[in-house]
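Multiple structures are listed underneath, in structure tokens.
Presented sequentially are two complexes of subunit A, the first with subunit B as partner and the second with subunit C.
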Partner chain A sequence: MPTKPAGTLYRGREGMWSWVGHRVTGVVIFFFLLVHVLDTSLVRVSPEAYTAVIGAYKNPLMALGETGLVAAILFHAFNGLRVILVDFWKSGPKYQRQLLWAVLVIWLVAFAGFAIRHLSLALGGH
Partner chain B sequence: MSAATAEPASKVELPAGSSGGAVPSFDITLRVRRYDPEVSEEVRWDDFKLTMYGTDRVLDALHKAKWEHDGSVSFRRSCAHGVCGSDAMRINGRNRLACKTLLKDLDTSKPILVEPIKGLPVEKDLIVDMEPFFQSYREIMPFLISKGHEPTKERIQSVEDRERFDDTTKCILCAACTSSCPVFWTDGQYFGPAAIVNAHRFIFDSRDDAGDMRLEILNDKEGVWRCRTTFNCSEACPRGIQVTKAIAEVKQAILARQF
Partner chain C sequence: MSAAPEIRAPRSTSQTGRVAPQYLRSGGARGQFEMLAWLFMRLSGIVLVVLIFGHLFVNLLVGEGIHAIDFGFVAGKWADPFWQFWDLAMLWLAMLHGTNGVRTIINDYAERDSVRFWLKVVLYAATALIVILGTLVIFTFDPCPVIDGVRHVADYCPAP
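Moving on, here comes the complex of A and B:
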């Protein structure tokens, strides 16, 4: 049985890297949702336990984590719309590269808006 | 090359050692991924230092390596002119036909990496087992299926109807697309772009009556829905087929079908 020796990294272009980004952010969001469902379900254990756990999130490290999470969700959301257009809009495949740049621009605008407000609230004065 | 118009006379004036119509030559390092299970299970990289010409392709460099340096270098090629689709391989990390890739278009200051295509079992050096690839191809029934009586003459088709699937008739089954697909690398059960392209060629052919059957075959867990639109296939296709677009059209046809 011939083996499959691993080669060098395939040099894909924008399409492949946007897919890699989509997959990575998807997995990140999945793990967040897992934790999120667990901590939210604590409210059925006792409201005090819920408050204690949610309160533990109020530190700079979690604020940074939340910023990263929003970055991931924004990319996954906008790129997801791009994938829908590629699949179902007649000219989608033709303009996939331009669509990706549009996604990145919208992502940057939305993320910058969030990051400025969130980090100044979380890390700034109380 | 201002003297090019006066070719016979210019030969006299040129300095010794260079002729008027000489093709420029340059040195390259060809780095070939070697694997021979009869000798060792280990994979290794062999470097070949070659003097090549501006008109040479990667295939010519492989020939030179095989014919003048190491006869055990193994690769497939047949027509050597981009028609038979035998010599698809990964050149500098991207799937290309060795016979259509000019050395002068590559960065010759660095070694040129040549590897077998991904996702199919390597048999020796650049030769892979194409059977899984052709198995998927056969499953989509790549031949005309028509109901009713055989016409006594040819089957008439309008120019517009022929145009509908023109792009996907160009496929030469080289597997550059299928073996560039990240989904195919990890899920060998996926039909792969080439099989879908060839299904597209008949699904959108007005003379064919088995479109629904082919759509049903591709409306599978391992069918068109495995496509993640990475566009590696469109970029790899040596015939310039818009592969991802063809797959998207099949996806839309499945959804638009009358049940």
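Moving on, here comes the complex of A and C:
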């Protein structure tokens, strides 16, 4: 009888990696949200203070950051709905792998749509 | 072939085969908190999809997108109770959802009791600060502020 757990609980494959992705994106979004509430709060300081900080979001490097953040939000959102299906839909656990591929396809379409529109607005000459 | 091995419930004691009391998941001192937190993650997640997708669409994808965002843009949105309520719901749900998620992660990785305790103190303090600040900002927002005697007027402000 081993006294310590042998090996590892991490099983790899779709189940584990989607969980890793969900966890990492969740934390990233959380820290961004803290900053985002703080920058929005500058509307209570003065119109100039708010306009200045929002100006920072409008530079090209930040546009790439925003696009990455939305990529994270879209994955977390679609995979979160998958987790809910796995938990509440009776065939969810059986199809969890297929559901992940569906998540990735929907993610790709939604992300491509967002990225094209946002980057052409943010980087496009004005 | 030997007899099929007996498979015990996870975390049961080898003596009795019953789950050791410290691992029982129901009826403990903490009641149903963990189950309710689990349920909240799922319910808030569904609502957040609508709130966050709507937020990103209206702020970044319509019209001029990010170029249109400035003080007047915020003033225009919060002049409408609909968007005040939208943003308030999004603030509270996202912060509680995110905080509970990070609490889970702290519980998973911080093994020492004192480290776990202090990480959660910092987490809850940050959450309280952000939720209170954000709520105050939404409800005390002044679209035509007077700062140090200087009136910041825009075309939507009433004539002084």
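Criterion: the second predicted complex is superposed on the first by the 115 of 126 C-alpha atoms of A that agree within 3 Å, B and C clash if a C-alpha of one lies under 4 Å from a C-alpha of the other, contacts with A are read in each partner's own complex, and residues count from 1 in each chain.
Methods note: a residue touches a chain if its C-beta (ideal position, glycine included) is under 8 Å from a C-beta of that chain, and two chains touch if they have at least 3 such contacts.
These numbers were taken from a predicted model, which means no experiment stands behind them.
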Partner chain in contact with A:G92 - subunit B first, subunit C second, else both or neither: first
Which superposed partner A:L34 touches (first subunit B, second subunit C, both, neither): second
Which of subunit B and subunit C A:G12 touches, first, second, both or neither: first
Larger contact residue set on subunit A - subunit B or subunit C: C
Which of subunit B and subunit C A:I73 touches, first, second, both or neither: second
Footprint overlap on subunit A, where subunit B in one structure and subunit C in the other make contact: 1, 83, 87-88
Complex contacts: residues of subunit A adjacent to subunit B: 1-5, 7-16, 18-19, 22, 83, 86-88, 92-94, 96
Of subunit A, residues touching subunit C in the complex: 1, 23, 26-27, 29-30, 33-34, 37-38, 40-41, 43-44, 46-47, 50-51, 54, 57-58, 63, 66, 70, 73, 77, 80-81, 83-84, 87-88, 114, 117-118, 121-122, 126
Subunit B residues touching subunit A - in the complex, by the definition given at the top: 33, 35, 37, 41, 43, 90, 92-94, 113, 115-116, 118-119, 121-123, 129, 180, 182, 228-232, 234-235, 242, 244-245, 248, 251-252
Residues of subunit C defined as touching subunit A within the complex: 14, 42, 45-46, 48-49, 52-53, 56, 60-61, 64-67, 69-72, 74-75, 91, 94-95, 98-99, 101-102, 105, 126, 130, 133-134, 136-137, 140-142, 145, 147, 152
